[in-house]
Amino acid sequence: MLKEGELRIPSGCAISGIIDRKGRRFSGEEIIRSISLMHERSNGLGGGFAAYGIYPQYKDFYAFHIFYENLNIKMQTEDFIAKYFDIENAGSIPTKHVPSITNKPLIWRYFVSPRIHMLKGSFISDAEFTSRCVIKINKDYSGAYVFSSGKNMGTFKGVGYPEAIGEFFMLDTYKAYMWTAHGRFPTNTPGWWGGAHPFTILDWSVVHNGEISSYDTNKRFVEMYGYKCTLQTDTEVITYLFDMLARKFSIPMEKVIKIIAAPFWSEIEKENEELQFELKSMRTVYASALINGPFSIILGYEKGMIALNDRIKLRSLVAATKDDRTYVASEESAIRIICSNPDKIWFPGGGDPVIALLEEGQK
Amino acid sequence: MKKVYAFETKCLGCGLCEVYCRTAHSKFKDVVKAHNRDNVISAIVIENIFRQSKPISYFVLQCRHCLSPRCVKACISGAMHKDEQGIVHNDKKRCVGCLSCVSVCPFGAIKKSRDCKTISKCDLCVGYGEPLCVKNCPNDAIKLLDENEVEVALK
Amino acid sequence: MMKYLIIGNSAAGINAADAIRMNDNKGNIKIISREKFRAYGRPLISYYLSGKVSPENMYYRSENYFKSKNIEVLLNVEAENIDLKNKEVATIGGGKIAYDKLLIATGSGPFIPHIKGLDMCKQENVFTFLTYEDAIKLKKKITKKSKVIVAGAGFIGLKAAEGLFGQVGSITVVDLADRVMASILDKQSADIVQTHMEQNNINFKLKTSVCEIYGKNNVSTVALSNNEILDCDILVIAVGVRPNIDIANTINLKTKDGIIVNEYMQTSKRDVYAAGDCVESLDLFSGDSKVFALWSSASNQGEVAGFNMASVEMKAPMVFAVNAISFFGLQLISAGVVNASTSNNIVLDLVKSELCRLNILNDNLVGFVLINCEQRAGIYTALISDRVKLSELDYDITSRDVGFSVYSKDERTKKYWEPCKR
Amino acid sequence: MSLSFDIPVFEVVRNEKRCIQCQVCVRQCFNSVHSYDEDDNVVCTDDIKCVNCHRCVTLCPTRALIIKKYPLEFRENTNWTSNAIKEIYKQSQTGGVLLSSMGNPKAFPIYWDKILLNASQVTNPSIDPLREPMETKIMIGRKPEKLDFDVKGKLLTEMPPQVELSTPIMFSAMSYGSISRNAHESLARAATELGICYNTGEGGLNRDFYKYGKNTIVQVASGRFGVHKEYLSAGIAIEIKIGQGAKPGIGGHLPGKKVGEDVSATRMIPVGSDAISPAPHHDIYSIEDLRQLIFSLKETTSYKKPVFVKIAAVHNAAAIASGIVRAGADAIVVDGFRGGTGAAPTRVRDNVGIPIELALAAIDQRLVEEGIRNQASLIVAGSIRNSSDIVKAVALGADAVYVGSAAVIALGCHMCHTCSTGKCNWGIATQEPELVKRLNPDIMYKRLVNLVSAWNHEIQEMLGGMGINAIESLRGNRLMLRGIDLNEKELKVLGIKYAGE
């Protein structure tokens, strides 16, 4: 059977996210409770979490989380990493035995920074350099897979129900100001750890529920700009799109949203001339970045969290606020179980983002 | 009043209007029978417009239903008459085929019947709905228009 | 409310009544007729004679037509004289009918030549052929063996001959002229007509005339001026018509052969109009005033008179003869000048008895004769009546069969599209 | 030559029982196949003149006519087919190059028919275009590498000119001269009503049609007929025609007899003179020359008009296309070997060029690999027959398609392949006033509108089925395609998987 990345597998999902906009950190216990409530939305073939603010002591290093299939590939990959990065710290990620979790790969963590001389003479940023290296490993080092590469954040995922994955990685011991989670319902998969969600590149993480119908169009587009969609998953390409548009092209996030869930032409025509021209230009130039088909996503990045539905809201998404916290989830109950009395709860419209960012100076 | 108008720039001279005119006015409603078993003739004249003996254009001509029809004045039997709506009719029962109407029609739009006992002219297919020449013209060259539509068409 | 009185119940009178009603839907309109029949198509009498038209189809208007138009028709009423001062018409029998506007549309009657031995009052087998009554009487009298002499090879004489065909023993048409219908046909055309009629057993004695009639109460033989003696069971006198102007003479209207009218059909007396066969009209070509006995021009004049009587000004067009006739399936249309020395264009096909003769004078078509090729005759007629300059047409009318396409594109478009008032 | 070996190709069968001698066929056949015999009151036929255009059959009011293949056979021979023999008869009689019209009729594979589309089931919903918005609008033109915004979020990048199409369909280049004025008018009016574009072809643009400029693409071809500053500015875009799918490497020839006064004025050549377009542009012998022409045209029109470059689909089309993008074209047009023509040498039409499906896939792939696919639009042409062809083309990577043959078929073309004779009985490929009249633009433009609207509906249905509500999300979305009856190599070139994979 082909594994994730060798074929494209459609899947349904549950997603959930919590952020404390003041930057106060809290353990993974709440997010596990939230995602586990939506047990029926996943089928045990994938679960995962992204946590922001968990490595304050290493906040200036890129934290690589890597799955290895064997020691041999681990050695090869580490050679590569050592060549291009200074490794501040390395070790296996602590896990706990959970009966339902089987077939686990080697799971390693490295805190690294790009070697300065490698950057010299090239006009690329350290982030771009790091991103290229991550893509290279994932593309060329068969059996190794970097599944998290941001700073002061980490992704934890695997094959299993999300609550089991959370227990396996002992997420109750981590403290983050923002958590996102994903429970997966693939229709057909051998269950490869790398294929679980969230998908991340640098500090961009995406959890996604849906099956986008524009996948190949989006993929071909990002691949023109140096990305390589090794997983063939929606989440991967969505993450790359955000990374490319927001980081690489420096497009303001609110514009990125208007590209990814572009307004209909008929709506654009209702706007004033200047805005019309801007929206038209964005749709024209980034036509291939429009994500089509059903999706609800939670994008996490250093600044916070953005939840977004497709233009005609073909997937459920609920949002709520309580004090300094913002919650988003596939189902209202998944919010209420951890926040029984929100200040506000609403159903974002298709293409209307829920933007919950850290308040100024809280990073 | 609505009349049939033919557009010279559109007319192909194909003759289908005549075929359907004959059929409309035959006791047989089938095209083949109307032609092979009935000697009714069409009320349409198709003219060629020549340039150096080559037809370059065509137009069809039907009774114009004049305001003051000469044919009615000339009719010796009272068969030709103008009705309340302004449609000029020929009452075949009373027509004797003397061709007085033919002799004065300035459009040459009245034809004698094959047996010379009566004449044939456009009755706007009153009673058949849309005139069949209009309905069957393959190029929309024939139209049923009222005065206002004529104004529009001429612009 | 206006009182309109019309003397005469044929083409001119009825068209006048229609025109009055079109313009005055309240006025009182009366038509008086000395005939006992409802208005009928006078030229239909030969069709009646032959049996091609049944009595019920003789009528020019349907039975309830006049009622529906609120026009009163008085049959068997003959005007005797007119009181111009009191605006009254006295009728035979002592009636008086008041009018505000009077139309004299008395038509024409037969011209009876002086023939030795002719006594129309006594001789029961001598007929004229102008009225329905004439036709009914004639039809009653004929037998399968009758030897019929028709005096006059004009329109009426020939139609009478055709009407009698097949119902009598023999028919002989006598005329002083060298050809049939001399007034409207040239020799060549006349010969085609004559030949065609001869093929249908009509005999012709031309360049001669009936000069004596034998038989007191019944004509038995006639003598021709060429000394021929012919047996005769029926004699039809059809040598011509003349306007009925007796009533006009009672009030001293200006007359010549017919009543003189202006282009509004007004006579020399106030509020008295005249129209139809009883008036003189202006000849389109010569401008001369003369009598035209033409159904369509009577209708036209009646209409013009009607308009003017109803105080809507309208002018009568100048007149030229247009005749459409058929004999035994030979279709003939003749118009305008056919005999004058004009430039003629003749297309002749003797096998099919087809003839197309166009008489062109200067740049105008002035007359034509069409035999068996009359389909677009009206276009020629229009070229004559509109005095169209032939050089301005799209093609030479002598070069091919004429069509509406003869007009230049602009002219054609104008005629076709402009709300047509012709 | 006294003896002709000509054999009728078609047989006209007249049902005498149904023929009413109305002579509609006689009057309508410009090839004089039908004639009326007055003596016997019958309508006769001369089979050898029949081109099977169906005009008579269509207009016959009693359905008395059928056109059949002429039953005369040669002895069976799979190598020396009757066509091969007849062509030799013809060439040995005339000594000339064989000419043909319309597109390549040979039995080469039609890849559109070997590609199948996807639809959503369960895991994601299909979208009902009757209930939900379904966008088919696209923008043709050069796209900047990226958009820049200032700190306040205001757009800084200047946008190159774009052609906005309500649906990704345009009418192919067909010159006034090769097609009639009425055909041209129908295309122009339909394009205007539909919010798409038609293309002047290389015959210039009659001033009467300048009013349709917003929906007109003006072509500049090797003959440069009718090209002047006003013309270039009259349309919404300019197309440089390098090649044509039906006759790659060959110029064009409009016979003098088709150059009447109007055509002459429009083309700026004398009445009655042959209009010969050279095989190459004599100012383009290489890619850098093309760049110069592109930029002279842009200069002339103040950089307000996108410049398209049209090439025939030939073996190394991908590399050429890459060069064209780099030369500054706003859009590349690729015309496949089945593309139609008014007249082309038969051998060229039938043997030169490659299928558009393969060329398109190769070009799109190449441009993606080079990272320049988003810079220019890609338009394909060459026998797009229906809406599913369009959907497949877009999924293979096209931005839009040109339809030529389909458009003329909508106008009444019955594919008799005799455009070059100028005797088109349907008033399309002719300049005979009597024939031109037969194409009534009032009727025919509506047929074009109907066709494109119908296709647009079908495109929307198929998009919805795939769970897509904007056509740009289909472009290059080859995952939506699967091949059938294709070998490994073909699948590889097309960049698609086999059905079931």
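Each chain carries a letter (A, B, C and D) given by its place in the written order, and its residues are counted from 1.
Convention: contacts are C-beta pairs under 8 Å (C-beta built on N, C-alpha and C of every residue); 3 or more make two chains touch, one makes a residue touch a chain.
Since this is a predicted model, take the numbers as computed values, not measurements.
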For subunit A and subunit B, chains touching each: D
Identity of the chain that, by mean CA position, is farthest from subunit C: A
Of A-D and B-D, whichever chain pair has more C-beta contact pairs: A-D
Subunit A-subunit D separation of Cα centroids, rounded to whole Å: 47
For subunit B paired with subunit D, centre-to-centre distance based on mean C-alpha positions, whole Å: 43
Chain centre separation in whole Å, for subunit D relative to subunit C (CA means): 70
For subunit A paired with subunit C, centre-to-centre distance based on mean C-alpha positions, whole Å: 107
Where subunit A touches two or more other chains, by residue: none
Contact graph of the chains (line, ring, star, complete, other): line
Full enumeration of touching chain pairs: A-D, B-C, B-D
Touch list for subunit B against partner subunit C, complex: 5, 8, 45, 47-50, 59, 61, 64, 66-68, 70, 72-74, 76-78, 93-94, 96-112, 116, 147, 150, 154
Subunit C residues within the subunit B interface of the complex: 15, 41-44, 47, 52-53, 57, 59-61, 295-296, 299-300, 303, 322-326, 329, 331, 333, 335, 374-379, 381-382, 394-395, 400, 402-405, 409, 412-413, 415-417, 419-422
Residues on subunit B engaged by subunit D in the complex (per definition of touch): 9-16, 18-20, 31-32, 35-36, 55-57, 136, 138-141
Touching residues (chain side subunit D, partner subunit B) in the complex: 17-18, 20-24, 27-28, 59, 61-62, 433-434, 437-438, 440, 442-443
In the complex, subunit D residues that touch subunit A: 120, 122-125, 127, 132-133, 135, 137-139, 141, 143-144, 146-149, 153-155, 157, 159, 162, 368, 371-374, 466-470, 472-480
